[in-house]
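For clarity, chains are labelled A, B, C and D in written order, and residue numbers in each chain start from 1.
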Amino acid sequence: MNNVFGKKFCITTWGESHGAAIGVVIDGMPANVEVDIDEINQALSKRAPGNSEFTSPRKEKDLVEILSGMFNGKTTGTPISLLIKNCDADSTKYEVIKDKFRPGHADYTYTKKYKNYDYRGGGRASARETASRVAASVFAKKILDPEGVSIKAYLQQVGDICIDYPYSKLNAIDDDPIFCPDPKISKDIQNSLRKIKDAGNSIGGIVSFDCANVPPGLGEPIYNKLEAALANAMLSIPASKGFEIGLGFAAAKLTGKKHNDEMFIQNDKVLYDTNNSGGILGGISTGERIYGRVGFKPASSILQKQNTIDNRGNNTALELPKGSRHDPCVAIRGVKVVEAMCYLVLADFILQI
Amino acid sequence: MNNVFGKKFCITTWGESHGAAIGVVIDGMPANVEVDIDEINQALSKRAPGNSEFTSPRKEKDLVEILSGMFNGKTTGTPISLLIKNCDADSTKYEVIKDKFRPGHADYTYTKKYKNYDYRGGGRASARETASRVAASVFAKKILDPEGVSIKAYLQQVGDICIDYPYSKLNAIDDDPIFCPDPKISKDIQNSLRKIKDAGNSIGGIVSFDCANVPPGLGEPIYNKLEAALANAMLSIPASKGFEIGLGFAAAKLTGKKHNDEMFIQNDKVLYDTNNSGGILGGISTGERIYGRVGFKPASSILQKQNTIDNRGNNTALELPKGSRHDPCVAIRGVKVVEAMCYLVLADFILQI
Amino acid sequence: MNNVFGKKFCITTWGESHGAAIGVVIDGMPANVEVDIDEINQALSKRAPGNSEFTSPRKEKDLVEILSGMFNGKTTGTPISLLIKNCDADSTKYEVIKDKFRPGHADYTYTKKYKNYDYRGGGRASARETASRVAASVFAKKILDPEGVSIKAYLQQVGDICIDYPYSKLNAIDDDPIFCPDPKISKDIQNSLRKIKDAGNSIGGIVSFDCANVPPGLGEPIYNKLEAALANAMLSIPASKGFEIGLGFAAAKLTGKKHNDEMFIQNDKVLYDTNNSGGILGGISTGERIYGRVGFKPASSILQKQNTIDNRGNNTALELPKGSRHDPCVAIRGVKVVEAMCYLVLADFILQI
Amino acid sequence: MNNVFGKKFCITTWGESHGAAIGVVIDGMPANVEVDIDEINQALSKRAPGNSEFTSPRKEKDLVEILSGMFNGKTTGTPISLLIKNCDADSTKYEVIKDKFRPGHADYTYTKKYKNYDYRGGGRASARETASRVAASVFAKKILDPEGVSIKAYLQQVGDICIDYPYSKLNAIDDDPIFCPDPKISKDIQNSLRKIKDAGNSIGGIVSFDCANVPPGLGEPIYNKLEAALANAMLSIPASKGFEIGLGFAAAKLTGKKHNDEMFIQNDKVLYDTNNSGGILGGISTGERIYGRVGFKPASSILQKQNTIDNRGNNTALELPKGSRHDPCVAIRGVKVVEAMCYLVLADFILQI
C-alpha cells in the first residue's frame, strides 16, 4: 500500500501527470459533514501551476468531481472519490527527451524499479499528484475546524534570502504571490527568482508550517509520534529533502538549560516560557503551537544543458526544448502541499484518539 | 499499533525503564539464518549507558534472552521474542520528584494523554526502549549483509564543534568513545562535554548516517518513499528534532544546475558526478551512498534548577537530587540508535520487494 | 481502512448503488503486465444483473474506464484506477419506501452507525459494489495465470436442491445460466426459482469454489492463514452467512482416522489419498486443490408484504411497489463474486511471498 | 505481520510449543484499567490441557508473568507483555518421529514454506499458541464489561451428537467438563469420547458462540464487517474448518419471507420477531444476540498407524509411541479459544469506533 496515506483518515491517490485524470479516495471521513465543492476548487487553484510568473505555466483548471460518499451535500461515512481531469497535459514536448534520464528526476530510479517508465511529464512521480492531497485536505480541515485548530504554511527562505524562523505575523500569507508573510522580503525573493528564471535555472527553498490550538495530549507513543508522522508526511512531498520540528537542527548548538521549555501556571492555564520544542514532547502535543520546517531542493527541470545518460547506456546531453515549462522554485507550490499534509496528519491523529 | 515498526520486517517493542524487563518481538525475520546471541549482546553493549564518562552512569549489563523463533542456532521464520531484564533500575531517586513535570520531558504530555504517569525513569518514554531496537537490528543486519549493504553512523556535531558533512573517512568510528571519526575533533568535543557535564548541563548534537552498496531501485513510490521511511524512523528516536537526506536544508541555497547530480557511464557502470541527492530520487535508491543527518536536542535532564509545575497545578521548581544520573549529550548514544534504525528500515524495504 | 482489501495486492473500492459511478483503485499490481479492457468488460458482464430471468432486471452495461496505471497497454506498477458509471440507476422507486427500514437489509444498522442513510438502492451496502471486485480480479488473475493456478466457482445448492460437494466435473459452468455444472440439476433449480420468483419470494443458496494447481507452501502462519483470509474475503460478500474449507462442518462428524489425508510418494511426487482438508494445513497450501463453500441467505428484497418500522419509530408494513426489481437468488451472481475473491486472495498471497 | 491480530486492540503472539516460553504483547489496551493476574491465570486454567480425561494429559501450570504496561495494578496505556513459561514440554517423544510428516498436521506445509521444521510438538503451529490469546482476552473483556457485553461459547456437537442451535440455556457451561450446557447430552458425548479415546482415535466437533448486549451500530462496512472479522478470527484457530453467523448454511434452504427478521417497536425499543441473521446486517450489529458456529476437525494426532512419507522422500508409516499425549476432541478446548476470539474481535471493534 504505497499509495495510501493515513491510518484512520486514509487517502489513496492515483493518476499520472499526463494520463486521463488524477484522483483520490478518502476512506474514513466522518459522516454528516457539509463540504462544498467550491471550497475544494479554491484550494486547488491556490496550489495550481500557472498562478504567477514564478510557477510552471502549465494551466490546469483543476475542477474536481465528487463521485461518491456524499448525499444531499453531506458526507455519508462511505468512501469519497474525487476526480480531477488532466486538461492541459501536453505530452509532445516529452517525446524528444523520452530516452534520456533527466538528472535530479526519478526517471532512472523508476526505470530500475519498474522496468518501464512513463516519460510523459514524470508520470506518477510528478508533483501533479499533490493536487489530490490538497483536495483531500479540505475534508481533513472539516475535522479540525470544530477543534479550533488553525494551520498555516509560508515560504520562509529561498536561496540565501529568508525571514525569521519561526515567524510570528502570519496574517497576509495568501495575498502574497509566493506565500511569504513579509512583503519586503517577498519582493526581494521575487526579484531574485526573476533572475533565476531568466537564466533557465532553479533554486531551493524552505517552507515553514504553524499549527495553532492543537489540544495537548494529541499523538501516540514510540512509533507513531506526531513529529515522526509529520516527518514522514513532509518527506513524501516531491523535492523535499529535510524536516525539522521546533528549533530542529539548531537545537544541536544549545544547552539543555537554554532549550528546555520551562512551565508555569497562570490563571489556571498551563503555559510555557518558550516553545523551543515546537509543541511536541515524547510524540505528544504540549498545547503550544506546533511548528517546523521543510527543506526543498531546487527543481530538477532546468533549461540549461546537462550531462546525462540515455536508456540504451550511452553518455549524452540533455537540453530541454525552448519554451519548456519550468518551475523556478518548487518550494512556492510546496507551501500549499505542506499545509495540506499538516491537515491530513492532524485530522488522522484526531480520529485515532 | 503505536509500538510496532516496519511492514515486512516488523518489530513490536514493549517495556518501561523501571519495569521488570524490556523486549521486542520480531515478526517477519526470514528462516534459516544463523544468529549468534553474542553478536546481539555486543551491539547492546555499544549502545548501553555507562560506557564512557559521557553517558549516563546507569550500568545495564543488557544481556538478551532469545525466547522463541530459533531452533538449532537458526531462525525458523516464526516470531523472535527477545527479552532484556532491567537490572540497574533505581526508582527511589524518582520518588522525590514524582509529582513534578520535568521540563523537556514527556511527563506532562503523557499525563494529559493517559491520565496517569509512570514517573520511574520516564517509563515507556525513556530512551531505554531503544535497546530493543538495537537488539532487533542485529537480525535486520543479517538480511542486509548478503546484499553487501554496509551501514555506519557517527557523531558529526556537538554544540558548535563539527566535522565535515558528509564525512568520508568512516573507518575508526567504533574505536572512538563518542563515535566521532576525526580523532582531533573528538578530543575537542570531549573537552567541551566535560565542562558541560561539570556544569550540570547538557548539549545537543547531530548524528550522520551512511549506507553504502544499497542497490538501485530500492524504495517505494509516493507514500512509502525510502527517505520518508527514514525520516519517520529517525524522528521516532527520543530527543531527535530533525532529519535531512543528502544535502537536506542546505539544498535550499543551491540552484538546480549546482544541485542536480549529473550521470555518466564508465566501464558499463552508471555513475554520478556528485551525490547531492543522498542516494535517493523519487523515493527510490539511485545506487549511490544513502546519507543524511539526524538532529538531537540537548538531554532534558539537567542538574540545574528549573521552574516548572506539579501535578496538582502549582508553580514549583525542580532540582534533581545530587548524584542523579545525567547524560550530557544523548546524541552519543543516539549514534547507535540511528544506525539501528537504518538497519531496520533498509531490511524492511529489501523484504518489501 | 474499511474499504480496502488485501495486503500487497490491495484494492480500495468506492461508490454507491445510485451515485454517479462506482470504482476501485488497485495498489500493488506488478508492472509490465498486459491487460485488455475487453477482458474486464467480459468479466463484468458475467456478474451483471439482467443476464438471465433469475437475476435482477437492472440493466447495467458496466463498461469500465481505466484512468491510470497503464501505459501502452501494460501496467506500469503505479495504482490502477477503474471507473464504472452507473447508468440504469432508477432512484424514484425508492422514494416511496425511503422512511422504512427494510427487513434483512442494512438500512437500520447503517442508520444507527452513520446517523444518515442513502436509501437509493441500498447505497454503499448494495451488491453493486461487487462489480468493482470483479473488475479488479481480472488484474489478480494475471498474477496467477503464470503460476498455472486455475479457479472456478459454481452454484452447488439452492433451497433443498444440490449437487455433490465437492463436485468434480467443472467444465461447463460458464455456459449454464445459473453457473451450475450439472445440467439436470440446473434445470431443477431453474424450475424451482421460477416458482419462487412468481411468488415474489427469494431463496438462499450455496456457492462452492475450487482452486487448482496452487503450489504447496503458500500462506502464512497464525493470523494470516490462507483459510482465514478466504473466510474473511467470503464473509465480506453481501448476503453471505457461512464459510467452510475442505469438508468444513461435516468434519465434525468424522474421526481423525477417517479425516486425516494420508500421504504417499509416487513418481517423485508428493500425493494424498484423500483431500478432506481442502488443500490447506496450518494455514499453508498442501499442493492439493483448495476448495470450500460459501453460504448465501435468500435475498432480503421480496415483493411480499412484511412488518417493519420506520425511521420515526412507528410500526408499519413494507410492500415494494409493483414491478420492483427483485433478485430471486443472490447466490447466482454470488458465484462470480466468490470467484473474484479467490483471485484477489490468492494473488495477494503470491505477492506476499 | 502474520503473528499480529487486531487493528486497535492489537496482539502479537510468539513462542513455540517446546521453546522456553510463549507470550503475547498487547498494543492498544486503554489506560487506567484494573486487571488482576489471578483472573488471567484462571482463564488459562480453563483452556489448559490436562483438565479432564478428554483433553491432552500435558500438564501446564500456565502461570502468567506481566512484564510491562501496568503500574500500581492498573494499565498505563503502554504495551502489555505477558509471558507463560513452558514447563511440561517433553520433546523426547518427538525425536522418534521427527523425520516423518504427520498426516493432518502442518509438518509438511511448514517444511515447504520455511525449509525447516521445529518438530517438537508442532512448534509454532501447535495449539499451545492459543494460550496467549486466552491471556490477552482477559484484557479485552475489561473493555467490553463496562458496555454490558456478555460472551459465552459452548460445545454444540461432537460426532453425531448435538444440542439445538442456537441453544438458549447458557448458564452452566463452565461447570461442565466439556463445556456443554445440556447435562444429559454432555454425558452422551462423554461416553462417546471415552470409546474414541480408547480406540486411539479422535473426533470432530462444533463450538457455538453467543454475544449478548452488543450495542447496535457496531462494525464497519465492506471489508471490515463484523461477521468477516469473526470468520477471520475463528479460522485462525488451529483445526477449525468452518464458520457461520446466524443460521449460516441452513439459510440456503430458506426463503426470504421466512429468513428476514421482521422488526417492531415495543415500549420505545426496537425489537425483532426472529434473529435469523445472528445479530449482524451489512457488517454492522443489529442490537440482537450475535451468535454463530465454528466447526472443528478431529485432532490430527491419533494413536493408530497411518501411512505417510518422510522428509527424505520415502513412503513410510507413522505410529505414535505408546503413551503419547492425545487429545480425543480438540473442539473441547476450542470452546475457550472461540470465546477468547470473540472478546478480542468485539473489543477491537469497540475501540475502532
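Here, a residue touches a chain if its C-beta (ideal position, glycine included) is under 8 Å from a C-beta of that chain, and two chains touch if they have at least 3 such contacts.
Just so it is clear, the model here is predicted, and its values are computed rather than measured.
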Next on the checklist: Strictly by the touch rule at the top, which chains does chain B share as contacts with chain C?
Outcome noted: A, D
Checklist entry - What chain is the most remote from chain B, judged by the mean position of CA atoms in each chain? => result C
Checklist entry - When the C-alpha atoms of chain A and chain C are each averaged to a single point, how far apart are the two points in Å? => result 40
Next on the checklist: Need the CA-centroid distance for the pair chain C / chain D, whole Å please.
Outcome noted: 27
Next on the checklist: As a quick test, compute the distance in whole Å between the mean CA positions of chain A and chain D.
Outcome noted: 47
Checklist outcome for this item: Listed in rising order, chain B residues that touch 2 or more other chains are 1-4, 13, 78, 113, 124, 221
Next on the checklist: Could you list, by residue number, the parts of chain B that touch chain D in their complex?
Outcome noted: 1-4, 7, 10, 12-16, 19-23, 25, 27-28, 31-32, 65, 67-69, 71, 74, 76-81, 83, 113-116, 118, 123-124
Item to check | Touching residues on chain C, where the partner in the complex is chain D | outcome: 1-5, 13, 101, 103-106, 108-110, 112-113, 124-125, 129, 157-160, 196, 201-206, 216-225, 227-236, 238, 241-265, 268, 270, 273, 276-278, 280-287, 293, 295-302, 304, 306-309, 313-315, 331
